[in-house]
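Next up, some structures in structure tokens.
Shared between the two complexes below is chain A, which pairs with chain B and chain C, respectively.
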Partner chain A sequence: MSPLETALLLFLTAITVLSALMVVAVRNLIHAGFWLLPFFLGVGGFYLILSLEFLFALQLLLYAGAVMVVVLFALMLTRDVMNPQIRQTNRLYVAAIAASASMMMLLIVLIYRHLGVLSVLPAPVDSDAITRRLGTMLLNEYVLPFELTSALLLSAMLGAIFLARNPRIEMEEESGE
Partner chain B sequence: MIEAITQFFTQHPLLWAFVKAVVLASFTLVIPLAVIYVERKIAGFIQSRLGPLHVGPQGTFQTAADALKLLLKEDIVPEGADKRFFYLAPYIAFVSTVLCFMVLPFAPGWVALEMNVAVLFIIGVSLFNVVSILMAGWSSNNKYSLLGGLRAVAQLLSYEIPMVLSVLAVVFYTGSLSLTGIIEYQVKHGWNIWHPPIMIAALIYFICALAEINRTPFDLPEAESELVSGFNTEYSGMRFAFFFASEFANNFFITAFAAALFFGGWDGPVLPPIVWTFLKVFVMIFVFMWLRWTPPRLRIDQILRFAWQLLVPVSLANLLFAIALGVR
Partner chain C sequence: MNLNGLPLHFFVLLSAVLFAIGLYGLISRRNAIAVLMSIEIVMNAANLNFVAFWRYLHPQSLEGVVFVLVTITVAAAEVAVGMAVVLSIYRTLHTVNVDEVAQMRG
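The block that comes next holds the complex of A and B.
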């Protein structure tokens, strides 16, 4: 790697790690939501360095929207959102700790196993070919996880719609029209 | 002379990138001057009045004078505002617009960064504009601003989906994610707009584009009569100017994007390619401004219902149509 690339990599790492820390450290929920933005951009930057332009563009596309949705949820679902004295935990913190610890373990194991792969930066490749390969892989080898994910997302969406339906408003609309 | 310059810049790619960045940023600041002047003249024409007349010949310097005024005005920050986010929001809006122009080919070879996923990149980057609106609306600590910001996010996210689907129809039809690739396909095979699935996609894109740049009948985020000025109520001076500039530059961009996707970009006889690009863009901008004085503003629930219950299903069906008829 050239010194410029190393510097860029360090810069991106700093941005990603710092903003990730800020997301969990700031007490204002809205700030936490907006701090996700530099974090996702930093991760996108890694894709760009690996010349995975397709993943970079997808990262921008999906997570810029995600930031807004998170901020909106914080605004609409939190009472007294500006108050820094507000409690930051709820009753489920034990389960949350267990879930994040197991996720962390999983990541550590995965990274340890594939350390050899990760430590070499691949040579610049034809990113069109990568994109095409990604598409064929998703619809051949990984078609089952792909479809399962979409089914999961669909059921989550249906659940959200069901929860968001307010029967009272519905009735008023019917009688009004 | 030109050879020496070319050689100098090939030896110093970083400097060349810097020059391109400066040119793009200035372009994004200058093009709103033209668009705003056109808007004022068209508004004057439609309402049977003259429009700007006194500053410079035919009032051409009016917008420049306005920009100068905004530059000199005091920059007021509300007492209860979330200062850092308040400062940051206009620049995010502006940067997102500049980044859109970065991958836009104006003429063969006239593109700051040739990207083979330009279409996706543009859609992603333009979302940051919405983030900045939400940021501005929230950090102003003003109920009108916040309501404007929330409306903007609801509206823009809803219309983003049919818009992306209609753009994807073009992508599947031409088999390319690169804007240059899409335009070159059209140079060979004729403009996309003449092909049935793309015709529908173009119509959907047109409706969504109106919503994306907050034009009537979708100008809810800054409905003057209801929300004072919407998300930018508390902004003044140069920060307001940045919002304003990025909005009008976006106006230019969204039509330039449409020209590239549907109307063959720089393709056209006799005149040089760059002239064709600008010609197509300004014809479409004229249609947008014409519409501004025609339909009234809709209600937020009507707007969202229209997007989700009509545009999304139609654009999904159209996407399948386009894939079935596409090149591969």
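The block that comes next holds the complex of A and C.
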């Protein structure tokens, strides 16, 4: 790796970790929602480094586009009950720090103990061929998960509409007619 | 990008750090929407792991990438349903704080 590539990698890592920290730590939740954007873009940058242009586009469209917009919509619709002045953490604040820190330590120890033999230099891959083969694979070997995901998306959409509609307003409209 | 010299450890450690950050938010946040945002961080950490292991260990087969595709779709569905549930709770109880919604506590 050239020094430029190392600098780019460090920059991307710093952006991703910092914005993830901001998402969980910032008191104003609207700001936390906006911090999701650099986080998703940073993770997408890692997909790009690992030569997965298609997954980067998907990350941009689905996470940085759809998921963030839905999160911001929900935050703004429930805005009157969230006061940025009051604390946004519950009583488990200290326990949460301890739990996540010990989890991270455990993972790091496990990684260093058992991953040593696995780190080999990756062979270069052709990203155009990856996208083409991914499309073929999704419609051949993996056509069942592919179709199941579409069924899941449809049912999630119907469920979201059913849960989010307001029965009271609809009843008032019916009695008004 | 030329990955020579960059060990798999880098991606796995980064993913562990992101997972721990998401776990912290998951436990400590009061607002249900903020909890969902932390879940997104955890899911992204898992996706990064899938992709890194695929790239370093099995670059010839694409199973890891298919996994990530399915995970991203499930995450999108999860966010849609989660937000609908949060809005429904907000309408009936006028709060979105998970420590105040204790109607089902035994």
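Note that in this section the second predicted complex is superposed on the first by the 90 of 177 C-alpha atoms of A that agree within 3 Å, B and C clash if a C-alpha of one lies under 4 Å from a C-alpha of the other, contacts with A are read in each partner's own complex, and residues count from 1 in each chain.
We take it that a contact is a pair of C-beta atoms (placed from the backbone, for glycine too) under 8 Å apart; a residue touches a chain by one contact, two chains touch by 3 or more.
On a predicted model such as this, the values are computed, not experimentally measured, just so you know.
When the shared chain is aligned, no partner comes close enough to touch A:Val109: not chain B, not chain C. In the superposition on chain A, A:Leu37 contacts chain B only, with no contact to chain C. In the superposed model, more residues of chain A are touched by C than by the other of chain B and chain C.
Within the superposed three-chain model, A:Ala151 lies out of touch with both chain B and chain C [touch as defined at top]. In the superposition on chain A, contact is made by A:Ala101 with chain C only, not with chain B. Of the two partner chains placed by superposition, chain B and chain C are both touched by A:Leu75.
Touch criterion met: A:Ala64 reaches chain B, while chain C stays clear of it. Look at A:Ala20: by the touch rule set out above, it reaches chain C but stays clear of chain B. Using the contact criterion defined above for the overlaid structures, shared-chain residue A:Glu53 touches chain B, although it does not reach chain C.
Of the two partner chains placed by the overlay, neither chain B nor chain C lies in contact with A:Leu10.
Looking at chain A, you'll find residues 58-59, 62, 67, 71, 75 touch chain B in one structure and chain C in the other. Only residues 30-31, 34, 37, 53-54, 56-62, 64-65, 67-69, 71-72, 75, 127-128, 131 of chain A touch chain B when the two sit together in their complex.
Residue ranges on chain A touching chain C, taken from their complex, read 1-2, 5, 9, 13, 16-17, 20-21, 23-25, 29, 32-33, 36, 39-40, 43, 46-52, 55, 58-59, 62-63, 66-67, 70-71, 73-75, 77-78, 81-82, 87-93, 95-97, 99-101, 103-104, 107-108, 111-112, 115, 118-123, 125, 130, 133-134, 137-138, 142, 145, 149, 152-153, 156-157, 159-164, 166.
Residue ranges on chain C touching chain A, taken from their complex, read 1-14, 16-31, 33-34, 36-38, 40-41, 44, 47-48, 51-52, 55-57, 59, 62, 65-66, 68-70, 72-81, 83-88, 90-91, 94-99. The residues of chain B lying in touch with chain A in their complex are 82, 85, 115-117, 120-121, 123-125, 127-128, 130-131, 134-135, 138, 150, 153, 157, 160, 177.
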